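Common to both upcoming complexes is chain A, partnered first by chain B, then by chain C.
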Partner chain A sequence: MKLRVWTLLKTYTVLVYIFMFAPIAVVLVLAFNSSQFGGFPIEGFSFRWFVKLSENEAIIRALRTSIILGACTAVIATTLGILAALALVRYTFRGKDLITTVLIAPVLVPETVLAVGLLIFMRWLHVPRSFGLLLLGHSIIALPFVVLVVQARLTGIRRDYEEAARSLGANPLQTFFAVTFPLMLPAVFAGALFAFTISFDNITATIFWRPSGMETVPTQIFGMLRNSVSPEINALGFVMICITVGVPLMAGALARYYMRNTK
Partner chain B sequence: MARVELVDIQKSYGAVKAVRNANIVFGDASFTTLLGPSGCGKTTILRMISGLADPSSGDILIGGNRVNDVPIHKRNLGLVFQNYALFPHRTIGENIAFGLKYRGVPKSDVTRKVRDALDIVRLPGVEDRYPQQLSGGQQQRIALARAIVIEPDVLLLDEPLSALDANLREDMRVELKAIQDRIGVTTIFVTHDQSEALAMSDSIVVMSAGRVEQIGNPDEVYNTPASEFVASFLGASNLLPARVLGRDAQGVALETAEFGTTVVPASRAATLGDASRGQLMVRAEKLFLSDGPASPDSTQAVIEAVDYQGQLARYFLRVGDTQLQAINMISGRPFAAGGTVNLTLAADECSALPAKDA
Partner chain C sequence: MPSSEQSIDKRPWLLLSPSLLAISLLVVIPMAFILVYSFYENIDLAVDRVAFQFGNWAEVATDGYYRVAIWKTLRLSVIVTVLAAVLGYIPAYFIAMTKFRDKWLLLLLLILPFWISFIIRTLSWIHIFGNQGALNGLFQLLGLTDAPLSLMYNEFTVIVGFIHVFLPYMILNIYVSLEGIDKNLEPAARTLGATPWQAFREVTLPLSLPGLAAGCLLVFVLTGGSYVTPLILGGPSDFLFGNLIYDAIVTELNWPMGATLSFTLLLLLGLVVVVYSRLMGLNQLSKAFK
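On to the complex of A and B.
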């Protein structure tokens, strides 16, 4: 009896994983299908959709937009996130709890609400939709993740290190760059990657905020899907998966390499 | 090198008074220990001297200058932390050179000074290793090297030996003291370990609950404690309620239920004032056991338990209803538990303290 339950549980778990990963696997496989249509059956192995993709200027433009947007979001969210985490962990001040809540809130607020809210606010300020607005929005969405990651790391860095540096003659700024920053570097990397990936993946808020004519990879795919499921989309999906999975993996490997050299 | 003075220093954290009205002078080139149980305010005093905490009131003087408003990085102090706080992302060489960088020491001198500092702490040639690659004792030495290489005016050490195991701790204690003698820096050492304090210090500041209980050299605080707290914190003592029978220039006569009349030297009864009641303090090692015949000034006691310590034995005794402790050298075999012995005390080495409720 007990064994039966156990088997059931195992089967169920495997099914859940299949449900989660099958679509991804399907995209990865179909990207190399030579068939005219973006679905089964598989007719042959081919790179033609990747070639076609690389010739599609709209997609190349969208990809470039997404990468620039993601990189800028990572820079802004990480910089602000580090500063916020420093303030929250290393200083005590009035209204700290309130500020923490406000910083983390974008995670809790439904994205549509956040998107509409920012849009209305900007309209009220008579600021038109622009790349800048999009960047601001993405930074707001990514910021909480950076704050949480960096804050967790910073809490684990004992204050003695900074105090030792101060006692040896480093002023607060020198202390930050000589001790605090290097020690929290892994978290900074992780935070920046998070920010990049979040921006790169985002579609809901992006649809609200982008200026007309500007496409990111997700909005581009969304647009293409409205006509038909073109096999190019599978190839593009493959590329996206490579970027969103590959970049963190690579960074992780780099971080490990870096850590090994300092240990 | 500099002398450090605390003038009417108070420090409160909200309702907690971490330090109450401390007036302490740390002599130039001296080795002073702040001694007291955990939570008595030792670290707080050290942090105020270093500039990591601001006093609520009072002045801190280093070398005669008030430094209350001088930020820590300009105070030129060497700080050694309990858990070393070596920068894990820097090599040993870089750790030690850290303070030199901010003092504009030329590069060629840095290498030499780092090497000299490593020689002083007897760990030459570890410049290129990382802190994690060294043992606790070695990390402790590096932390010391990093603090002294900048030639600080004052060296501050917060329980630097407490993370080491017992054998290493005793070695480091001797070595630390030797290094301090050699470079002659004013040193303030924090510990809750009385044997460390007694072994290393020129002067001991005994603290309890934020208050300074006594300041004196090791001999003074051990032999003439100024309060019951000091008497019971340092060493093992027996405190017996006593009636003052009389006093003259030489001594004070105290009467206890256990030992009858004992005349304590006047120099050891300073805190008693002219009270008519007090306490007789007998160090455990000044209470002697004997199985010989009773004498007029001996008292009979029952041995309740024996704690054998090699060349010494600690005896738990009972005289009437009073529990006493004695630590005696063992000659031959220790006395056995359950036996009856005659107790005598060395009256010249006893002290008188104020009564418990006074």
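On to the complex of A and C.
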């Protein structure tokens, strides 16, 4: 009896996982479909849409914008996030709970409202839409997530090492760069990767903030979707999934391999 | 740490100041400006006049169109939240309770969707339900239909698209909550004579409610604030409140109206968050990251 229920739960779980991944698998497969339409039936295997993609200047430009934007967002959000997380992990002070809530609160503001608010504020200041606005906006969207991720990882770092360094005569700055920072590096990477992904993926607020003529990858795809899904979008989806899934997976695997070898 | 004995330590505030400054400038002050702008008067495309008048608010309050949008948004958010909870609870329970050696793989697969582009995940449903989609392809292959059936661009595909994107949030939150429950409690209830179902219903389920509630809050607020999914997967009548904001700002360039609608959405969803935090506190939300 118990086994039957368990099998039922297991089947249910597998079905939910299929629901989550089947449509994505379809995109990956259709990227190699030689048909001139973006859907079924599959007529043959071909790389032609990847070649077409590499020749599409609008998409290449959008990809470049997205990568630069994501990298800059990662730098800003991770810097701010690490400082804030250090304060939360290392110190006890009055109003800490309130500050934590304030830091996480932007997550709960609907992104549409966040976007309109910042846009209207900039309009009042007579600042036109720009790459800088996108950068600031993406950073503030990513910040709460970076704080949460970094905070979770920093909690695991013991302070003994720093105290040892200090007692051996290192000044606070030396201690930070020689001891604390290397220990924090995994947290830094995790935060930066998260911030990059959030920026690279954002469309809701980006549509409001981008200056006319500037496209990121998601807004470019959104613009191309008006008629139907073109086969190039499938190929682009394949490339994006390889970047955003492949890179973290490889980084994780490398980190594990490296840790095992140094031990 | 010689100075830590002082009554007020400045260092944490120094570390926090960049983030707090950024949040004040880029989130808090802009929210105030939305309110201010909602009293301005729209004159022409992208032209507005500084004013203190209630015209925009009167329009939102009296025009039935906006009430319909609010109703549609709340309805759809509730449907998506409930379905996500129903779909998500069992996998979360399975992952938490399984003794399967490769449990990490199930967890990794759960986090994977967060790394895959939202717009790709959303448009992928066109490949399932569209005229050239997998289902129509299958139907024609089996000879069930000659012409493609029109399955796309309705409320159902919008709901499927939302659930697909938000389900991992739900599962992760419930899982975190279940994982924190003492594994001896359910067997203890069984020893005391409870049936497996009773043990689950009276011990595990109540203890997992904080995670379930956090997942529901996230899914509700995220759905209620969206406008992109209906644009990609919905038909002309499948709009949410966010779509009206998008139309007002991006299409009609009516800034005061856009501001009024944004503040309305903020109030509606803010109310949900306030009720939740009164009942549960906001701590549970951050647990999913640990």
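By definition in this document, the second predicted complex is superposed on the first by the 246 of 263 C-alpha atoms of A that agree within 3 Å, B and C clash if a C-alpha of one lies under 4 Å from a C-alpha of the other, contacts with A are read in each partner's own complex, and residues count from 1 in each chain.
Assume a residue touches a chain if its C-beta (ideal position, glycine included) is under 8 Å from a C-beta of that chain, and two chains touch if they have at least 3 such contacts.
Just so it is clear, the model here is predicted, and its values are computed rather than measured.
S.K.: Quick one: classify A:A187 as touching chain B (first), chain C (second), both or neither.
M.R.: A:A187 sits against neither chain B nor chain C.
S.K.: So, does A:V179 touch the first partner chain B, the second partner chain C, both, or neither?
M.R.: It touches chain B, and chain C stays clear.
S.K.: Which chain, chain B or chain C, ends up touching more residues of chain A in the combined arrangement?
M.R.: C
S.K.: Looking at A:C72 after the superposition, I want to know if it touches chain B, chain C, both of them or none. Which is it: first, second, both, neither?
M.R.: Neither chain B nor chain C is touched by A:C72.
S.K.: Quick check on the superposed pair: does A:A142 touch chain B, chain C, both, or neither? Answer first, second, both or neither.
M.R.: neither
S.K.: If we overlay the two complexes on their shared chain A, which of chain B and chain C does A:A165 touch? Say first, second, both or neither.
M.R.: first
S.K.: Going by the contact rule set out above, which residues of chain C touch chain A in the complex?
M.R.: My answer: residues 9, 11-13, 15-16, 18-20, 22-23, 26-27, 29-31, 33-34, 37, 87-88, 90-91, 93-95, 106, 109, 112-121, 123-128, 130-134, 136-137, 164, 167-168, 171, 196, 221, 224-228, 231-232, 242, 245-246, 249-250, 255, 258-259, 262-263, 265-266, 269, 273, 282, 285-286, 289-290.
S.K.: Sort out for me which residues of chain B touch chain A in the complex.
M.R.: Listed in rising order, the residues of chain B that touch chain A are 50-52, 71-79, 81, 83, 85-89, 98-99, 102-103, 130, 132, 146-147, 150.
S.K.: Using the touch rule from the top, collect the residues of chain A that touch chain C in their complex.
M.R.: 2, 5, 9-10, 12-13, 16-17, 19-24, 26-27, 30, 37-41, 79-81, 83-84, 86-88, 90-91, 93, 99-114, 116-121, 123-124, 136-137, 139-140, 143, 145, 147-149, 151-152, 197, 200-201, 203-204, 207-208, 217-218, 221-222, 225, 228-229, 233, 237, 240-241, 244-245, 248
S.K.: Name, in rising order, each residue of chain A that touches chain B in their complex.
M.R.: Residue list for chain A touching chain B: 158, 160-161, 163-171, 174, 178-179, 182-183, 262-263.
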